[in-house]
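First chain written, first letter: the chains are A, B, C and D, and each begins at residue 1.
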Amino acid sequence: MTSLPTSGVIPPLCTPLTPEREVDRESLERLTRRLLEAGVHGLFVTGSTGEVGYLTDQARTRALEIVAGVAAGQVPVLAGVIDTATPRVIEQAAAAKAHGADVLVATAPFYVPTDPTEFRGHFRAIRAAVDLPLVAYDIPGSVHSKLHAEVVADLAAEGVLDGLKDSSGDLNGLHAVLDLVRGTGFPVFSGSETLADVSLRCGASGLVPGIGNVDPHGYVRLYNAARRGEWDVAQREQDRLRRLFKLAAVGDRSRMGGYSSAIGAFKEALVALGVIDNGTTSLPMIQLNDSERAAVRTYLVEAALLPNGEE
Amino acid sequence: MTSLPTSGVIPPLCTPLTPEREVDRESLERLTRRLLEAGVHGLFVTGSTGEVGYLTDQARTRALEIVAGVAAGQVPVLAGVIDTATPRVIEQAAAAKAHGADVLVATAPFYVPTDPTEFRGHFRAIRAAVDLPLVAYDIPGSVHSKLHAEVVADLAAEGVLDGLKDSSGDLNGLHAVLDLVRGTGFPVFSGSETLADVSLRCGASGLVPGIGNVDPHGYVRLYNAARRGEWDVAQREQDRLRRLFKLAAVGDRSRMGGYSSAIGAFKEALVALGVIDNGTTSLPMIQLNDSERAAVRTYLVEAALLPNGEE
Amino acid sequence: MTSLPTSGVIPPLCTPLTPEREVDRESLERLTRRLLEAGVHGLFVTGSTGEVGYLTDQARTRALEIVAGVAAGQVPVLAGVIDTATPRVIEQAAAAKAHGADVLVATAPFYVPTDPTEFRGHFRAIRAAVDLPLVAYDIPGSVHSKLHAEVVADLAAEGVLDGLKDSSGDLNGLHAVLDLVRGTGFPVFSGSETLADVSLRCGASGLVPGIGNVDPHGYVRLYNAARRGEWDVAQREQDRLRRLFKLAAVGDRSRMGGYSSAIGAFKEALVALGVIDNGTTSLPMIQLNDSERAAVRTYLVEAALLPNGEE
Amino acid sequence: MTSLPTSGVIPPLCTPLTPEREVDRESLERLTRRLLEAGVHGLFVTGSTGEVGYLTDQARTRALEIVAGVAAGQVPVLAGVIDTATPRVIEQAAAAKAHGADVLVATAPFYVPTDPTEFRGHFRAIRAAVDLPLVAYDIPGSVHSKLHAEVVADLAAEGVLDGLKDSSGDLNGLHAVLDLVRGTGFPVFSGSETLADVSLRCGASGLVPGIGNVDPHGYVRLYNAARRGEWDVAQREQDRLRRLFKLAAVGDRSRMGGYSSAIGAFKEALVALGVIDNGTTSLPMIQLNDSERAAVRTYLVEAALLPNGEE
């Protein structure tokens, strides 16, 4: 039950914070329950959408425990074990295992100038040190290097990797991996909010969409339609979700970075939907102002997630 | 005595490891004593050359304690508090203060997609949380964003920053900062091994050269010559050190990344000089092979750091 | 008849050269006739696949005249008017009009450090100077800047642009343009060989695939299947063409760049198929060697473009 | 007399334009005479500062003829033969030779995806085709690839290259070339306006500073001081010129690119100094507005190039 799902929708959970920037247990429990009720196939804690790079070790394990407690074995809990290089990732992995993770998700090294020749040793050492299924997380926008298809396929064949989360946005790279692992059952998840239908059509096993926090039902419908081969239905759902995703850009870019905007907007949407209590994001992210928060609500109305009158 | 030196040579210490990849206390003590005897003006622990990105929290504080113990207040000990974003950096900073750091050195956020609008809040929050002098560490090659001169100068004027370590390799950027802080006493250190004389001539206060582990006497001579205005002497020393620095590229780049090569070569040189016991580097770095290690010794002989017969 | 087609397959023609690197009239005529017989909807001369960056002005107009002569109004002839900035592009455009172009295709400025604020003026001046339909060519890999969706949509609304060729490989960017021009009839062509079916499904009007030189029938079948809504047929064709496209990577990258490999492989395939006489590419591209040329033929056999016995 | 100078100041001339954007003969003649009177050692026509990427072939040769006519053999005239790949560069080179160039200056290929494996063949073919001294122009900011030191040194040893213009801004790269060609007399010129003194101190032979159009006397003084070993004098001159160079950033970057600003400011300064008649720059560059033009004059007053009263 709690090993890696080989398909489905696995949202990367936001980490709700109190105004004092502590992990907000009740909000996170409500968020988790809402995702489970929507029919998601797994829960990804301490991913980029979960502000993993901002959370202290204590906050990371607290978020994980809360989610694992609510999940209670109904679906697997994946934990991002995000740190700069192998020994630090192994410590994150051991902590994640101890606090309820069913599956580990690790990137290539970052900050340290790294090289593809070093990636195999990195994942092998993590897998050897902590006995849980291991998913490689390809996120060049954050780690500034690419996990090439050959590396992933080799490590899959060795039994080091149990899956891939592709957040590269590069469909040709997705094809390259899928071509190499075809027929092996190795699951490849797309982290794209906006190319979900296309990724499934290309052969991806499942989805890890950040805005799935806000509209999990939409992604579950999209995924199920795709599984039934109803690609036009999936595409219409994707079109709606692509419009909804524009709320991520609601923040004024002269005042803040894109990530302050996106995470702030996801959280503000969850506040508007009554799921979490506060839209606070971690330091040093810039907070949305009143007009930006109002704009988030407009997107929710347009996506039929909020009734018009409540806007 | 133990506040930030406003000038001088502050080598970023290698972190010697045992073959089992534990911090090697005796080797690190010998390295520290050798640097002090060479007349360095400060000691920078857990910087990039110290494999900070690879060291666990425990290894980081252990290295810091060992160096602070040997330094015993003779020169300030700077500690790199390197982590992805503000709350995690603050935890690193508190630990560093508790384990003997005199000064903190922090980069811009990384991994998390970051933005210049967020840098001021980042450094302000660190400075407010932990009461030690704070040096900004501009290292775009690792964090993939640039600390612009205006940000540094503003934070200097506010009293948030007490200094800058410029590892950008961009002399025009160095000039831009120096122009803005001229006359304020704000110290700017260059992290370049090969543009040290030029950086001092442009107005930099001091040097943080990785290969200063191997030849601290050379950088102290270079620095002292520059202070006396003997620029030709400084330049000749720099020319010799630039040739020595080529040992950083001794590793075969089809087998390993540039950092595996450089850190491996620094450590191998320290082994050859009898300073540390093992050349082992952290995972997932690739280790130098016999011919690469032999090539390191050739560079040491050419730089007159080893007698010819011992080659 | 000869204005811009609003949909369909418009291959970017290779420019066959003699061993002395003159434009090979007879080979180019045969290539053009083969494409017309395959049912393509337009012909794109002096694009990147046509080695436009290598061809002298005289060779460019000669290639255009040859193709326009064979086309004889059956389908429109698009000409790449590729140069560094506006005045030079206008000269290219005037020459292209004089030598038979029906439509002009122009990129953002390059070499000159350029900026989005300057793009509108660039395309307006070209359109004002030479009275032919104008297609913007978004090719960030070559010009190192991106034509943002808003710029394209604004210029479309002004009547400056008559279409877009998107060679960015960025499906999210393609969506962004398509969202802005929906319902206006503004045609958007994808330059991707490997995401053709997906691009059409997202709403692209047509295709400009480099390897369409080698297998025009395949892309016409893919396109026609997509138009009929037979997406599974289109996808199977795309899967086959994606495998065929791997021949572009046949060259040894330690000896040559990726473009030497790709253009060399396209031309060698056309030689193997009896369409052109020589595989010679322009200076300073590196030529394929015997084993690389043999590998090209293997791909053609696998794609059923050559009988097995002829391999 | 007219072969490549092995040292000295060789300004890259602006190309004055009439309001109708024709080459302005009288202004260009005045500019050339002023540079000669200031004691420059060569004249570089159709470089980046000369808007080469914007000038038609006819405008390029016209600018060259005008400058060569005024130079009349007093100093060598270098011509930028800037185009995308080898055959087109050779045509530019033949035209430059026919219109009075003494020396050719060529970059690596651009627009065409290029590769270091192809650079040797590129320069060899140019040198073989047109019998004039050939200078390699390393300008990664424009061509998006780097001429590595080994390639330059090899081609120097072969007799293909007669010099290097380094506009990379990378002093470590400059050192790498200088180390490889030491003792051969191969001249290396720095294109940096702001690191001129430092580059000469590192061993560069001469300078090609864009703002040398505005203050040629300053760069000649700087150069002569450096030759006499009066490095403090050179540095003070450089400090003044670095402040002057800030006028390049006078344009509002929300309205225009950095190049529109810099070239516009150089030309406006020449208008203010009475050297040329119009500040017009090529399309699609954005023109400076009144307040930006006024700011240019303020810089000239601060640099003592204009009397205070004329501001």
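FYI, a contact is a pair of C-beta atoms (placed from the backbone, for glycine too) under 8 Å apart; a residue touches a chain by one contact, two chains touch by 3 or more.
What you are looking at is a predicted structure, and each value in this text was computed from that prediction instead of being measured.
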State which chains count as neighbours of subunit A and simultaneously of subunit B. none
As a test of understanding: of all chains, whose mean C-alpha position lies farthest from that of subunit A? D
State, to the nearest whole Å, the distance from the C-alpha centre of subunit A to the C-alpha centre of subunit C. 37
Roughly how far is subunit B from subunit C, centre to centre by C-alpha average, rounded to an integer in Å? 50
So how far apart, in whole Å, are subunit A and subunit D when each is placed at the average of its C-alpha atoms? 50
Interface hub residues of subunit A, defined as touching at least two other chains: none
For the protein chains shown, what form does their contact graph take: line, ring, star, complete or other? ring
Write out all the pairs of touching chains, ordered by chain label. A-B, A-C, B-D, C-D
Could you list, by residue number, the parts of subunit D that touch subunit B in their complex? 169-172, 175, 179, 192, 194-195, 198, 201-202, 231, 235, 242
Would you tell me which residues of subunit D are touching subunit C in their complex? 21, 48, 51, 53-57, 59, 82, 84-88, 91, 109-115, 117-119, 121-122, 125, 141-144, 254-260, 282-286
